[in-house]
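Below are structures written as structure tokens.
Below are two complexes that have subunit A in common, paired first with subunit B and then with subunit C.
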Partner chain A sequence: MEGTPFERRALHDINLDIADGTFLALIGHTGSGKSTLIQHLNGLLKPSAGSIKMGSTELKAGGKKQDLKSLRKKAGIVFQYPEHQLFEETVEKDIMFGPRNFGMSEESAKLTAAKVIEMVGLPESVLTKSPFDLSGGQMRRVAIAGVLAMNPEVLILDEPTAGLDPAGRVEIMELFYSLHERNNLTTILVTHSMEDASRYADEIAVMHKGELYLHGKPTDIFNEREALKKAGLDVPETVQFLQKWNEKSGLHLALTKFTVEELAKQVSQSLKKRGN
Partner chain B sequence: MENIITVKDVTFNYPGEETPTLKGVTLDVHKGEWLSIVGHNGSGKSTLAKMLNGLLLPSEGAVYVSQYTTGRPDDIWEVRRLVGMVFQNPDNQFVGTSVQDDIAFGLENFGVPREEMVKRINESVARVGMEAFLNQEPHQLSGGQKQRVAIAGILAQKPSVIVLDEATSMLDPIGRIEVIDTVRELNKKEGITVISITHDLEEALSADRVVVMKMGEKAAEGIPEDIFQQRELLKSAGLDLPFSLKLSEALRQQGVELDKSYLTQEELVNALWKLA
Partner chain C sequence: MLQNVIIGQYYPASSPLHRMDSRSKLIAAFFYLFIVFLANNWVTYGVLIAFTVVTISLSKVPFRFLYKGLKPILLLVVFTMLLHIFLTKEGDLLYKAGFLEIYEGGVIQGIFIALRLLLLVMMTSLLTLTTTPIDITDGLEHLLGPLKKWKLPVHEFALMMSISLRFIPTLLQETEKIMKAQMARGADFTSGPIKERAKAFVPLLVPLFVSSFKRAEELALAMEARGYRGGEGRTRLRALAWHQRDTFALLLLALLTLSLFLLRN
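== the complex of A and B ==
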């Protein structure tokens, strides 16, 4: 709201390069600017200063009406509670809406719908149903299928597991991870969960007070526990535990993968060594 | 032990649904305890929560709150005053245009005189640490702050029980701690009974008692130490294991001879140290 008393700078001097094929976790607490940042990535918001470049498309501050359409086709956003955006009579029509808007023929859009519904792990029979007769988890998958139907190169996920139970959370995250791997996507995951970030991301970017506060590989980020705490965050439980074990045992173990299995392996090996 | 709520043989069918959402549930809630109710989506835990203050009424069986019955129209106002609910979405439970208007709304409904109202509003916002925000508008508050206002609104009615229906699931980690700490203080210092419907297993670990819901039935009930040792039960109820238990198990699979599964990281580190 430029020029009004409500004007407030939500982002400040962000410089971030995301390489092709990266799985980036964008983490930070409410109000840190992460949602504002991703809304810039497909032109929902335009920068007051600076520019955003995606592939060959560039969005500049103060520029003319730019090629938003190609930017939006390139970057698909799965918003929070995406199931709230379903509106059509049938699942098929809902999924076809995006592609049709971008000029795809009815026939190809139908084929696309059949393809993407399978990608999100739902049976084809769902296509003829009303989205509102489905369970919450199924509705979310349909909404995700609608984004995939645009065949994006970059997938932006804004807290995609919010409100799901633990089993549902794992399922959806595994779904995104396999899509990322199989389709060579670039994925940006906005999350509160350091656990999810540690499990799936190649890189972590931490937002704090509208600035890019930390950016690097998970192992590097987790070395900055004090800095993370200042931003209201903490290292994942696996790292917390290993730090406690290191303190107690005087060892300097480090994790390369942040799973419970990897942690158990490291700790049990350190016990065996002491036993010898 | 004195019971504040008794749920007796409650069965509940949503209109038009063939299978009951709750099947013969019997449950005592002890005065002053923190009771966590866990279960996957669709297990009936939220339906059970709505039974506790008469938002839903049993198809069969009865729910007693203190000396009142939720199914008796003469009792329902007293039931709702005694049992306050905090829901999942902080944005859906704000009705006033400011913090004090919001709390006043509930009191007006109960016909509390103005002077008494002012006194109760000031007192209840102080108990949740929101006294500096009396004239703030809802959209200026964080999710955690909104939930604390919702709790203040309940406190102003002088309740005996607070039901948290996944009240922290949409909050970021800071907001979650804010709300849980606020409620914990009310529970410990003022003896308010807390019933928390939650997916957060770490929160359930610190409860006095835990109830596991599964397919509309009560699958188990007990202290966290007992409930969380029952791996098969948790798995069949679609629940994840808390971190330290998962790690204990993974360590045993690596051949570490732990005598039991530990609930906290500190206990587990100490147990491992003894093996070293």
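== the complex of A and C ==
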């Protein structure tokens, strides 16, 4: 997507290729244009310049009325606080809303609902309940199920763990990651959390002031600590630790692992080696 | 999608009218509603028009802003004018075609009525254009204060008004957000037959209702947690201040009233 310098431009000069099957983390400070960018991906917002291509569908600036429905079916968005979008009398009906809009028959939509409710880790008995009787965390899962039911090829997640407790965060993120792996999805995760990005993403794109600021593999991005700081971000805690560790111990551990568990293993192994 | 919705028509500027106390403006606007009806001939309407035009130019509000406020009632004005022109049968007969008869009295009457409506709407929109909604509610609360003697919950009414004004933008934002979320799930709000389109709004309205009630509950809790207990003994951040110019404005209005009394038939 390319923008021209309009007075109130939200996004500008963005060239981003996302290959099929990539897990991309989109990171940026509040107001950096992450949400605006993802809303372009399924035509909720239309570009004033440039174009967006997804599969065979292309959205052009000033283009005629495109087939937005097929685009929206392809790209499912889980918005921030998705539980706010629930409206039906029963969980089942709410999950069926998306599939029915995209022309699925009632029976297969019901089957899909039963399938996705299990995927998000809720018992099938929830289907007959009113979504408003559920707890906040359960409502979030139902809303996510509603998006998964559309069977999207591209899953766009706008801070899906905002407002959840730490255990809930991990569960939801693990859910998305296993879906991504199992169904060979292309996943775009909008997040503030460098930790989440480092744990799951194949690629990281950093947004700053409406522009694509950095884009690359996590290792490359985390080596640009100064640049990240300029964008109001920092490297994950594990990377911070590793850098300090290298400084103080005189060892030079390579920056390859980002999770706490893996890093701990790496450090203890190197210590053992030195001990020998 | 909803960016085009204009909420509140306050026009920020620095003019004598903007600086006036909201109470004096409210009193003046209210009073004006009555004295407009005193005018009943060309001279008195002339005086009223002159007064209104001077007030508008003092307010520094561009005319196109006023026109925007007038647009919705313009049709009503034209309609009433036509009704009067065709139905009033006074004075000399000016024109006759079949059953259509236009009398001089009807034309004059029609023009007067149209003028009256326009003057009324212009003056009242000037009030909201030059006064922030918060100032208006504060002023109303003050002016209605005496009604507390009869156990009327004046403070609560004013509070309700300012809370609803405060949450209009929030509600609009929320609407847009949920609309997008449902559109991402394939909902279509813009095409299809009327019946289908009305149905399409259920997925939008239900979440809006739910979140509004939730928000109201949260707000009530937050207010209680901070010890809110009604208007009794409550002080204000922005106290209303009555200046000389307010007295002067009301005196001018009194003068206008007097001249209307003297000049009318």
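Note that in this section the second predicted complex is superposed on the first by the 268 of 276 C-alpha atoms of A that agree within 3 Å, B and C clash if a C-alpha of one lies under 4 Å from a C-alpha of the other, contacts with A are read in each partner's own complex, and residues count from 1 in each chain.
Simple rule for what comes next: contacts are C-beta pairs under 8 Å (C-beta built on N, C-alpha and C of every residue); 3 or more make two chains touch, one makes a residue touch a chain.
Owing to the predicted nature of the structure, the values given are computational and were not obtained by experimental measurement.
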Practice problem: Classify the contacts of A:Gly76 with the two partner chains as first (subunit B alone), second (subunit C alone), both, or neither. | Solution: second
Quiz item: Touching A:Gly98 in the superposition: subunit B (first), subunit C (second), both, neither?
Solution: second
Quiz item: Which partner does A:Asp165 reach: the first (subunit B), the second (subunit C), both, or neither?
Solution: first
Exercise. Go through the superposed model and pick first if A:His192 touches only subunit B, second if only subunit C, both, or neither.
Key: first
Practice problem: Once the structures are superposed on A, label A:Lys217 by its partner contacts, choosing first (subunit B), second (subunit C), both or neither. | Solution: neither
Quiz prompt | Partner chain(s) touched by A:Val147 [first = subunit B, second = subunit C, both, neither] | solution = second
Quiz item: For subunit A, which residues lie in the overlap of the subunit B contacts and the subunit C contacts?
Solution: none
Self-check item: Complex contacts: residues of subunit B adjacent to subunit A
Solution: 40-42, 88, 142-143, 169-175, 199, 201, 238-240, 243-244, 246-247, 250-251, 253-256, 265-266, 268-270, 272-273, 275-276
Quiz prompt | Residues of subunit A touching subunit C in the complex | solution = 39, 42, 44, 69, 72-73, 76-77, 79, 82, 84-88, 97-98, 101-102, 132, 146-147, 150
Quiz item: What does subunit A use to touch subunit B in their complex?
Solution: 29-31, 135-137, 162-168, 170, 192, 232-234, 237, 240-241, 244-245, 248-249, 260-261, 263-265, 267-268, 271, 274-275
Quiz prompt | Interfacial residue positions of subunit C with respect to subunit A in the complex | solution = 174, 177-178, 180-188, 202-207, 210-211
